[in-house]
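Chain IDs A, B and C follow the sequence of writing; residue 1 opens each chain.
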Amino acid sequence: MTAPQVEVLLQTILSGLLLGGLYALIGIGMTLIMGVMKIINLAHGELMMVGMYIAYVLFSTFHIDPYLSILVAAPALFLLGVFLQKFLINPVMKVDAIIPENQVILTVGIGMVLANIATIIFSSDYKTTPVDYATKAWYLSDIWKTSPIEISLSLPWTVSFCCALAITGGLWFFLGKTDMGKSIRATAQDKDAALLMGVNVEKMRVVTFGLGSALVGSAGCLFIPIYYLYPDLGGQFTLTAFVITILGGLGSTVGAIVGGLILGVFESLTSTYAGMGWAPVGRFVIFLAALIFVPQGIMSLFTRKRFGK
Amino acid sequence: MSMLEVKNVSRFFGGLAALTDISFSVEKGEILGLIGPNGAGKTTLFNVVNGFYGPSEGEVLFNQARISGLKPHQVCIRGIARTFQVVKPLQRMSVLDNVIASAYLRTGSRAVAETKAVETLKFTGLYDDRDIISKGLPLGKRKKLEIARALATGPEMILLDESFAGLNPTELNESIEIIRNIKATGITIMIIEHHMKVIMSISDRIVVLNYGQKIAEGTPEEIRSNPLVIEAYLGEAQNA
Amino acid sequence: MKKYLPLLIAGILALLPLIGLSSYWMHILILVIMWSVIGMAWNLLGGYCGQVSFGHAAFFGVGAYTAGILYNKTGMSAWWGLPASIVVVALFALLIGYICLRLKGPFFALGTLAMGVILRVTAENLTTITEGDLGIMIRERTWIDKTYYFYIILILAVASFFVVKKVIESKLGYYFVAIREDQDAAESLGINTTFYKTVALSLSAVITGLAGAFYTNYMGYIDPKIVFALHDISIVTIMVVMVGGVATFWGPFVGAIIMVFLAELIRSIPKLGAAHHTFFGILLILIIIYLPNGITGDNPKLKRLLRMGKTT
């Protein structure tokens, strides 16, 4: 490989990791909901879309930086998630139906309504937040003067990645160290045992759905400086989140991070070497490969099989 | 000649051994009781015989042919039917339809399957409940439905997993009667049961498991006087 | 009487064009019947066998593109796409089944959803075969008069109805429902669940694919965004069945009538047209919460309401 080729490869992998960090944030939200509620939230991408529009409105009317708008979007999405869980999803979980996938179909309905309302309010035009640092980049040679190869990374991508890391870290602390976080994890592991130990399972479900929504909403705010926005963009991110959760093993937070990074790098590689249009196909090739070869998720390769019934 | 032979079967889950080196055989036409404290590995053994799990080591032979490694439906077609400890009725089907679904195993004809199903329902005393949607059936009858469904597949051997648990005394007597009648038709039976009096009275031979190992095998009398069994199981159960 | 009801309804439908309906109404009728066909197909797999597919657009699209590509590449009539789609869609169904049927419950649903998207993106990018986003145009329309199309889709619908009915009342039907109700129990009753799920999927896919091949001929234009659409095909398919009645013979027909008329109604009201997904979404949510098994399905709530209506 010649030096320019190495540069392209490294550049591709690094951009992939940055993208993967953001994907991980989306995936964690989905996997949390999946773990605690045992349902798949197909409105996940649409919730992210709502977060992005919040950031867009704040930017275009008040010129608030998209990164700061997380402070508004995350609580707003939390409330939206709580509302959806309490008044729509929870009642359906109690309904007896021939098709047990009712709740999944319900979240599809929620997603449709959200996307459509966004179309009505904002039209289906592509929107961006033209921040002045959008096209700025930093170069490896700025830091390491004698570097033999040159790599440049987009500044907003890097900032978004760091924010995603910080949020993930915060979540880690919340789930690991606080009482509520521990209760959520207990509910995910064994609902009945948690109930017996005095955990308010109903409340944990509501909080988890809110939390998952807030996470993906924040991811939306991190995406908007580097991405364009349109009402139907939710669907592709729902699928991305789903692919990440399958890759990482259902309900595993660490798995979601690993899955997100793998997916980011893989997509980055496909768009560099096979063309932009094929990037989504790459995503699904990896998804199918995971389904066929590692149905328990990537993480199962590293951990020993758990005791099963 | 043995109908079912379990040869040196072990089953591990991760590092945990649920079954260790189990060997025994079931003779044609007998009732073999399988007992042991909770978590002894009885249901796991059923799952291995029935094909839900493959054995980690060892093999299972049925009529001299190896069945371990086959899928549950293949084992069923070869003539071993089972019931579940946690009953699994086909909820939204009527009792009759539940049994018809299993009677279809040996025929493609609706008429033949229905005749077989009606016959089985009369045999198990569920005929009057045939039109009830099985979701609405009380536990005692669900347990009977499990047996009826297993019988309708036309098995040579039937595995009964705690078919008596949770029954009231009347239901219990009816079920014991049903099992005796099954034996009379020539079907071999292997049964897991916690109810000591019942298992002692209906079994021809008994195998005792504890912590995944076989600790005893013999006639009910031999088992009753076996010190190992008394220590591991019976003492505790009789006091209870 | 009940035995002849399907024939009676088919007969009435067959006479409808004779009363001189406008071209617009013929179009609506054709859509209703086409959606009934897709709904019946989905119901076979989802309603009876319990394998909820979120990706029936995959089969619809493959059927549509079989007809389109056959016409575009060989110059043969796109009508040959109907028989050809049976083979092509069946092969796709076997492949998709092999991958997705190892997933259970909601994960099967998502697996099929992903399949639909994969096929859409592939169709968008494989421009040498599919013409990509440009789509395929059938330049010589067979008939201007919609009556012929109406009879073709009607024949397809009647045939599908009897195939589904025959299957459901046979051993296969019992096995499908057994798999839906409890897969482990079914397996231990000697039912080869993987095999029968594949049968259900293939049958369902082939019928859906035929509807897709018909669509190409009828509309005369297809592109990946139309025929592989997630919301407008896959989700509407589920809605047709859920609104009409899950695991019933007539549910898909009732659902298709409601959905097509609703779509036309919303579209005809100025300013509301853009919001038709919102209405569909809200309808879907309401149906799931209040009539989870559809209008003609087994609904204690609806029955109680009706009984109350009678006594008061």
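In the analysis below, a contact is a pair of C-beta atoms (placed from the backbone, for glycine too) under 8 Å apart; a residue touches a chain by one contact, two chains touch by 3 or more.
Source: prediction; values computed, not measured.
K.L.:
When you take the mean of every protein CA atom shown, which chain's own CA mean is nearest to it?
P.N.:
C
K.L.:
So which chain is the furthest away from subunit C, centre to centre on CA atoms?
P.N.:
So the chain farthest away from subunit C turns out to be B.
K.L.:
Calculate how many whole Å lie between the centre of subunit B and the centre of subunit C, each centre taken as the average of the chain's C-alpha atoms.
P.N.:
43
K.L.:
Between subunit A and subunit C, what's the gap in Å when you average each chain's C-alpha atoms?
P.N.:
Distance between chain centres: 32 Å.
K.L.:
Averaging over Cα atoms per chain, report the distance between subunit A and subunit B in Å.
P.N.:
Here the centre of subunit B sits 48 Å away from the centre of subunit A.
K.L.:
Quick check: what residues of subunit C touch more than one other chain, meaning two or more?
P.N.:
Correct list: 298.
K.L.:
Give me the residue numbers in subunit B that touch at least two other chains, ranges are fine.
P.N.:
Residues 92 of subunit B touch two or more partner chains.
K.L.:
Two-or-more-chain contact residues of subunit A, please, as numbers and ranges.
P.N.:
98
K.L.:
Enumerate the contact residues on subunit A facing subunit C in the complex.
P.N.:
Residues 39-40, 42, 88, 91-92, 95-102, 104-106, 108-113, 115-117, 119-120, 235-236, 239, 242-243, 246, 250, 275, 277-278, 280-281, 284, 287-288, 291-292, 295 of subunit A touch subunit C in their complex.
K.L.:
Residue numbers of subunit C touching subunit A in their complex, please.
P.N.:
By the definition above, subunit C touches subunit A via 46-47, 50, 52, 54, 99-100, 102-103, 105-107, 109-111, 113-114, 117-118, 121-122, 124-125, 180, 230-231, 235, 238, 242, 246-247, 274-278, 280-282, 284-285, 288-289, 292-293, 297-298.
K.L.:
Inside the complex, what are the residues of subunit B that reach subunit C?
P.N.:
Result: residues 50, 52, 71-74, 76-77, 81-82, 84, 88-93, 97, 100-102, 104-105, 108, 110, 113, 149-150, 153 of subunit B touch subunit C.
K.L.:
So in the complex, the part of subunit C that touches subunit B is made up of which residues?
P.N.:
So the residues of subunit C in touch with subunit B come to 169-171, 174-175, 177-178, 181-182, 184-193, 298.
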